[in-house]
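Before anything else, here is the set of structures, which you'll find just below.
Next come two complexes, and both contain chain A; in the first it sits with chain B, in the second with chain C.
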Partner chain A sequence: MEEQLLEFVKDTIFQVTGQRGLDYETDFVKDLGLTSFDVMNIVCIFEDHFDVDIPNRDVWKLRQVKDVINYMIQRGITQV
Partner chain B sequence: MKKYPLNQVTYYSCFRDMIEALPQGREDEPAISWFTRKGEEHGVTLGQLREDVRNLQSAFIHHGLQGKQIAILGENCYEWLLVYFAATYCGSIAVCVDVEQPEETILQMLKMTDAAALIFAGSLESICKKHADDSCQKFLLSEGGDYPNVADLIAEGKTCRENGTNLDESFAVVSENDTAAIVFTSGTTNYSKPVMLSQGAILTNASDALANVAIGSVAFTSLPFYHTYGLTCSVLSMLIGKAHLYINGNLKTVMRDIQLAKPHTMLTVPLMLETIHNKLWMTAESNGKAKDLKTLLKLKKILFSLGIKTVGKTLVAIREKCFGCIRLIICGGAHMDRSIMEEFGFMGITVLQGYGITECAPLVSVNRNHANKYDSVGLPSAHCEVRIDDGEILVRGKNVMQGYYKFPDLTEEAMRDGWFATGDVGYLDKDGFLYITGRKKNLIVFKNGKKLSPEKLEEKIRQIPLVKEVVVYGAITGATTDDVQVAASIYPNKERCSDMSSYEILESLQAEIDLINRDLPMYQHIQMINIREQEFSKTALQKVKRHLV
Partner chain C sequence: MSSRSDDLYLVLSEADGASSEQKMQEAARIFAKDCGIPLSNVDPKTGTLRVARTITGKPFFPDCAQIKFSVSHSGTYIICAVSGSEVGVDLQQHTRMKGETEEEALCRFRKIAKRFFHEEESQFVENGNCDDFFKIWTAKESYVKFTGQGMDSHYGDFSVMPEDRTLLSSRFVPNRPVQWDAMGLCFTQMLIEPDYTLCICTRGKKNIVVLHNI
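== the complex of A and B ==
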């Protein structure tokens, strides 16, 4: 499941930023140079795809790829 | 000094007058609309808005909240505005809480403003539960939690009105000098100060904005309502100016909502314009059209300088794809790059830069539709006098705050012979346009007595393609604070330097900085460069928190 989610996150980030080659440890701001606005656009795609609402205060905590994956699992996402 | 005639506009002295007058003869016209997360459009007419406000204020009176502080905590939504309007309508004070602050700061804000009621979004329920004041009433902005919500209050207020309860209180006189709101400064200071603004200050300022700027019939805002720029300029001005206002409270859906709403006028901050601008160029690059676009814009620059201001089919097509129907953008909150505003201008989009400060409700000056100087923040608004004292911008007028709530010493410190000292440095040109050259406390003061506004150098450094964000500051190198060297802390544009090593980035930046230094007096030379790994920490209005650099 985690690997499927990782692939989905990778695809989404590519769609928004055109950047590839991420892993669990990749930091959105530090490694990819994304602004808060870019991160919100990525989160928007997650919300649409998984039909969940991610409160903005939670978004600030999603700093790395692995944070997103853990968050999704915690929210009971079982299928990509 | 040149005279610039003002647009005709209605002025209101209190919120009740405004709410009652707006729907006259236009009850069924759309007032405020928004899109759900799934993109469904919802909205209210002017008549419905007035009815909701009347009912909600009646409920506030019923709950003993008239004249007391009502704190609003949430991101932009219709209910947020209703609470604000109902509170100010019945003579209560709306406490506008910046919900991007950390939990401790929010709780501190609630405590320091003596809120008698908290009305909050579900996402802030856990924080509000921690507010340890048993007498404080709690409500939710919308359904789904442990407390009654705004819809429940509206129903309750409606019953009160039908039964004739609270009638005397409902007609209690609210004057223009009564405090309408407490708003926290979002400045780059170390802590937020609660600013008290009167009914007259806010409403006069909202109308003043319209006297300077002619807006379109459909407007869009995603500016946070808990800041004065968002509330006064992007909500009140638009409603008074008879625009149909689309609101957005979620950065995630801003771009989508702009496309759906098809606004003519948009109020925003530089970050968003820079983002749209970057996307435009990235698209052009990926389509192999960047070179053609660059040439076309260069040609337009020449034609515009000759007074030939036609946009042309190609640029109209690009504009429609990137901006939809937007033709007017009002930009404030931070300094906007001239080159981006110029490019937008070539595409037929007017960008008007303005200047405001929370303590001035907030608008101090703004450019005019047909008197727009890109480097300036425009002409002072009608009820606002501006003068420069030792470089600092001072403001006097109806829009100036009543003071900082329970901080008389800070209020006294901020006022100078009846003028509010903004802490910003600037000048007025011969035509009366205001220019900001820096913030007083950001000034780099050299040992030789010379001073430098870091913003000036930052603008130059920001032109370097490898630079995404930059802060220039005075690095202390000697025994005293005036013994400084100019330093630049740079956050590189990762997209442009993904194949470069840190050493190559630094070397390339140094070469560009050397070129900049060539045109500067010796004492202003940038002598140190620090590469940052992370973007700078920013306030809700996307201003860099300099004190953290």
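== the complex of A and C ==
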């Protein structure tokens, strides 16, 4: 499941920013230079795809790829 | 150049490999020189002012309280706003995802607006076009950079809409600023190119001095 989610995160980042080459440890701001605008786009894609609400207070806690993957698993995502 | 510390310097540079912090340090040096602010606390090795961050992440010069700044980058540009009083600036390129049509982009922007904006702002985007989305987006971002609150759970609780909405619904012309008041602050907005919207949030109107490519 973790690997499937990683692939989904990779595809989403590419779709929004055109950037490739991320792994579990990649930091969205420090390594990829994502802006608030990128982050909001990504959040909307996740919410649509997985049919979940991600509260704003949680959004800014998700700093690295692994945080997103752990968060989605905690939210009960079992299928990509 | 004559200047006063209640002017606002807006420095627009192409992202030529220099970091936004380097651009901001240079902008601060020019502002300090023009305003006669002594920079006695610069790092002797680097010649730069020390930068610290508030608990919410807003950067500031702890050793030079007379200079306030805000930085934004988008696409190929970095913009630095420097002033003697608090300022927030945001620049956003009107980007689309690969292969996305204008209609699809607008649909995406409306979704973001509904999800993150105040109801009044979201309604404006719902009835508007892609450019209208970026007017609200940059105004909100400049506001949260001004206050230092960042994008928190209250992002949708405030509205940057002017009382006179026709100010925002008209088509903007590059480099011709539009100005309005909201929440006791002044918003100055302009297109710097057909696909880049810029917004500056200040307390009261400022005399804006624009510098290019430092």
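Everything below uses one rule, namely that the second predicted complex is superposed on the first by the 80 of 80 C-alpha atoms of A that agree within 3 Å, B and C clash if a C-alpha of one lies under 4 Å from a C-alpha of the other, contacts with A are read in each partner's own complex, and residues count from 1 in each chain.
Definition applied: a residue touches a chain if its C-beta (ideal position, glycine included) is under 8 Å from a C-beta of that chain, and two chains touch if they have at least 3 such contacts.
Given the structure is predicted, the values throughout are model-derived calculations rather than measurements.
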Which superposed partner A:57 touches (first chain B, second chain C, both, neither): both
Partner chain(s) touched by A:47 [first = chain B, second = chain C, both, neither]: both
Partner chain in contact with A:31 - chain B first, chain C second, else both or neither: first
Which of chain B and chain C A:16 touches, first, second, both or neither: second
Residues of chain A that lie at the interface with chain B and also at the interface with chain C: 18, 35-37, 40-41, 43-44, 47, 55-57
Chain A - residues contacting chain B, complex: 17-19, 29-33, 35-38, 40-41, 43-44, 47, 53, 55-57
Of chain A, residues touching chain C in the complex: 15-16, 18, 35-37, 40-41, 43-44, 47-48, 55-57, 59-60
Interfacial residue positions of chain C with respect to chain A in the complex: 73-74, 92, 95, 97-98, 108, 111-112, 115-116, 137, 141, 150-153, 155-156
For the chain B and chain A complex, residues of the former touching the latter: 37, 75, 99, 123, 250-256, 271-272, 275, 282, 286, 468, 491-495, 498, 533-535, 538
